[in-house]
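Next up, some structures in structure tokens.
Here chain A shows up in two complexes: once beside chain B, once beside chain C.
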Partner chain A sequence: MAMITNRRRDVAVAMTLIAPFVLTFALVFLYPTLRMIALSFTDAPLIGEGEWVGLANFKRLLSDRLFFTSLKNNGYFVLLTVVPTTVLALAIALTINRLKGALQSLVLALFFLPYILPVSVVTEIWMWMLDFQFGILQPVFEFFFGKSIPVFKNPYWVMPTVAAVTIWWTNGFNVLLFIAGLRNIPTDFYEAAALDGATRWQMFRRVTWPLLWPVTALVLTLQLILQLKIFDQVYLMSSGGPFNSSYVLLLMVYREAFQLNHGGYASAIALILFVVIMVVSVLQFQLLRARGTK
Partner chain B sequence: MTRTRKLENWILTGGSLLAAAIWTFPLYWAFITSIRTEDRVVSDGAGVVPDEFNLSSYVEALFNTKLLTWYWNSIATSVIITLVVLISGMMCAYAISQMRFPGRRLLYGIVLASFMVPSQALVVTQFILMNDMGLINTWAGIILPQLIVPVVIIVYKQFFDAVPKEMREAVVLDGGGDYTLLFKIYLPLNWGITTALAIITFIMSWNQFFWPFLVVTTENMMTIPVGITQVNDAFGVYYARLMSVALLGAMPVAIAYLIFQKKVTEAVMISSGVKG
Partner chain C sequence: MAVQLRNVRKAFGTVQVIHDVSMDIASGEFAVFVGPSGCGKSTLLRMIAGLEDTSSGKVSIEDVDVTETEPAKRGVAMVFQSYALYPHLSVYENMAFSLRLRHAPKQEIEEKVREAAGILRLEEQLHKKPSQLSGGQRQRVAIGRAIVRQPKVFLFDEPLSNLDAELRVQMRLELARLHKQIGATMIYVTHDQVEAMTLADKIFVLKDGVVQQTGRPLDLYRNPDNRFVAGFIGSPAMNFLTATVTGREGDQLALRVGDTTFSAQTQEPIATGTIVTIGLRPEHLVISETGLPVKMEMAEELGGLAYLHTRRPEGEEIVVEWRGDEHAVMGETLKLTCPADKIMVFDSEGLRVR
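After this line comes the complex of A and B, so read on.
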């Protein structure tokens, strides 16, 4: 009998311990998710009730050219950022890893610093650097292309520029992950390889690269998920322009919901984005778990 | 052999310092711009060598904008978020790690799943919810959706799992319950991880742009990342002032990072799972 009351008390204590998280989760994650699904089948404005319209929002999406432009731009942005930042971070990490002591922490700190800046600080600084009239980088453009380039008003330059700024901002995080990965490689592997007379390239190819692959996979998937959710930089630097050449899905959600007052339609777009990112994340989780069991 | 080694080391050292200098040049340039007069900033000979030391744009930024209010909003909301996330996270992690109750596995499944939920895709309905609760333009409105940080629970659970069972017994024999265990044994044993998670959570919420940008519409309630974009509109092309505001906005976290560099580095590694 005492055992049973004890057990009951334990369960009650457990419930009080998990309540804060569970209740917050239900309120700000679960309920909004369900409501987003429900809203995507209505023509509701942002605030207020709407009529059930079935799949009309999704049908409309399929004929909305802006949706496909956004989808394409999201893909383009992923191409411009994910692999380049991973390669760059790996190169920087390999270099930093060979430095010693104070010099190593100094160089690492300098590369990591941009990552802790708020996004708007980053965009303010780069918009000033790239200012058409007074930007300090315009002479560089003049040198290579013979003229100044208004990068945020040029449909060809806008996405690569936003991608470059994004890489500058977030690359330090990836460098850090690679350094952690490099530190996890036992040094006797290299000593053994050196005894066998391996060249530096062979050591990288046969020791570093295979042992670093799990971290590389982690960086790639984290970046993929992060860059699919691009909004801040595009909104702050180009607002999706010029001619929608930097329009992305989350920006479309924002415009439809908060500027055009189409709550239902915005929910439908958000739902698509939600599903895409969930699928990618589940893949990432499987990767991580595969790594964990190894 | 040693000679080429030495040369190689010099190239390595020099090269990485040069690369790091180029990488941080935008910050240097922002600083040089911020200590110039507005006229000098846009004049022809304004090069990369500092030639003026003029703090008037900082004075302007601090006292002619709402920067101090934004600092206060940012500090208050980030501190509250950090405290609530850590306390609710460690409680939940302790229950999952050390207690047996129905639904435990399901709960941990939910935690892992919410790790993957893109909160950015939920902003429309989160906004509607905050509006229903009358929380637009309030701290509570800024804070609430940022309280779900599953990685805190995941990391705490891993560390609680590793605490030896013998540590429990002394407390249990003295009649101590689970709250005593959590706050007297498990928490003190894991102070290192607590500070690491606190740093990460604080930096994340301090830098949060998208959600505060949506839920706040009045200047008085803005946080630093949202507020600085307003200065742009108000001042137009006053670059020295813009750069002063941007640097002042970045200052607190940047200084904290430079002081606690090792700790931040470790925190990032732990929370992304590359170091246990």
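After this line comes the complex of A and C, so read on.
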């Protein structure tokens, strides 16, 4: 009898403790999300009610060339960032891991520093450095390509440049995750491998890489979600141009909702992006996990 | 000589942890490094393995100087305290690891792994992951990984300390059996003197980076060179009492502890009036009509025998082994004596007076 009472009380206590979070979650995430989904089936403006239009917004999307351009650019941006940043972070983490003491902390801090900068500062720094006329990086372009390149005005350069800036900005966090993962691998494993005659490459290939795989899968998935949501950097550096060559889905949502007052249509685009992120990230994480446990 | 150390020293920065150690371990011998934590036994083992640099001196394996040789080329295999089994590989792959690294043919890998698995009774476990094994099985896989390499020397770094007491006893026996079966040279590090006594052909007792004494287990037990070895080898530990030399008659040294006189067999000259320490093993103390008075405090019953924890009025605790039916009860006063040839005398430096 006492047991049952206690269990009931445990449940009551648990409910009380999580209630504030559930309520907050419902208020600021669940409710807006449901409203957005509802909105995507209407022709509502940004503020105020609209008429139910069924799937009209989604049908319109299918014939909107900018939507497909944006979708393609989102995919391109993911390709340019997710795997490169993961590989780079792993390489940097492996290098930092070999350093000792204060030097290690210093180098780690240097790599982490960009991550704490606000995006506007990051983009400002890079826009100065890459400025067509005065940018200190332009001599590098001149050296390799024989001429200065207005990277934010060139349809071929704009996405790779935004990707590079994004990697520079966010890589520190991934390095940190990898370092944490590397520190979790006991030194005994490396000593045992050294006694067994493993070369450096074999140690990486047969010990570090498989044991670091869960962290790698995590980094890849977090990056995928983050980079699909690309907005700030593009908005601040190229505003989607030139010729929509850096136009991405969230930029489109922003334009439709806040500039053209098409609440319903913007919601439809946002919903598509939401579904894409959910499906792709769940799929990717499952695939990566499956590979890891094989 | 399978393993030979000559004047080996090791310093981490300004801290010297191994002081001028020289030792010889014969081929096929089971050598045990034993000592309290921080005595340098693991460091010494790691120096033999090549996992630690040697600051000065020479390390040879099978008469080849390997002081500067990298670990893999020394022909040693090591079993780690943590077992160091790769969690992502099966038992089979863990044991095949070293062979895979040097791209051995499939046939050879299969043969060697099966053979080692046979010796260690792991045939049923080969497809499992380390996480699915019990502590004792993991331990055996770690040993299997060493066997597969057919090393000149096996190194064990406190391999049993992660096992529970019962399993430890069982694995101890298995290790002894394994040593008989494959007859390889083995060096074993432990802080547990029982493991050292039961496994070793030769024990090296270390303290503060210095080898205190080397010898066969029973020699160390019967004939320790100093107070440290005397206190470290044997369980329960030897009782130590402060005594005054009061005279000598032939080889019988008269010693006084409180109001009680003991006589110990020694040859070396020692002046009357010298303050010494005498060592009395619990198993050599006899309860009799006359002798050193102590008060009974507590008894540890082990079935066939009991350890009586007693205390002198002066405060020193004395443990007495008792084999018999009814022993004294708490608070009772006992009188203790010890045969002269069993009493060990140590000078003020802790060195044995023989």
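Throughout what follows, the second predicted complex is superposed on the first by the 260 of 294 C-alpha atoms of A that agree within 3 Å, B and C clash if a C-alpha of one lies under 4 Å from a C-alpha of the other, contacts with A are read in each partner's own complex, and residues count from 1 in each chain.
In the analysis below, a residue touches a chain if its C-beta (ideal position, glycine included) is under 8 Å from a C-beta of that chain, and two chains touch if they have at least 3 such contacts.
None of the values given here were measured: they were computed from a predicted structure.
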Simultaneous placement of chain C and chain B on chain A, clash or fit: fit
First, second, both or neither for A:39, with chain B first and chain C second: first
A:96 touches, of chain B and chain C: first, second, both or neither? first
Partner chain(s) touched by A:189 [first = chain B, second = chain C, both, neither]: second
Partner with the higher number of touched chain A residues, chain C or chain B: B
Minimum C-alpha separation between chain B and chain C after superposing on chain A, in Å: 8
Touching both chain B and chain C, residues of chain A: none
Touch list for chain B against partner chain A, complex: 12-13, 15-17, 19-21, 23-24, 26-27, 29-30, 33, 41-42, 48, 84, 87-89, 91-92, 94-96, 99-102, 104, 107, 110-112, 114-129, 131, 144-145, 147-148, 153, 177-179, 182, 203, 206-207, 209-210, 214, 224-226, 228-229, 232, 239, 242-243, 245-247, 249-250, 253-254, 257-258, 261-262, 264-265, 268-269, 272-275
Interface residues, chain A side, partner chain B - complex: 10-11, 13-15, 17-18, 20-22, 24-25, 27-29, 31-33, 35-36, 39, 46-47, 92, 95-96, 98-99, 103, 105-114, 116-121, 124-126, 128-129, 131, 133-134, 136, 168, 173, 176-177, 180-181, 184, 215, 218, 222, 225, 229, 231-232, 236, 250, 253-254, 257-258, 263, 266-267, 270-271, 273-274, 277-278, 281-282, 284-285, 288
Chain A-facing residues of chain C, complex: 49-51, 70-73, 76-78, 80, 82, 84, 86-88, 97-98, 100-102, 145, 149
Contact footprint of chain C on chain A as seen in their complex: 186, 188-189, 191-199, 202, 206-207, 210-211, 213
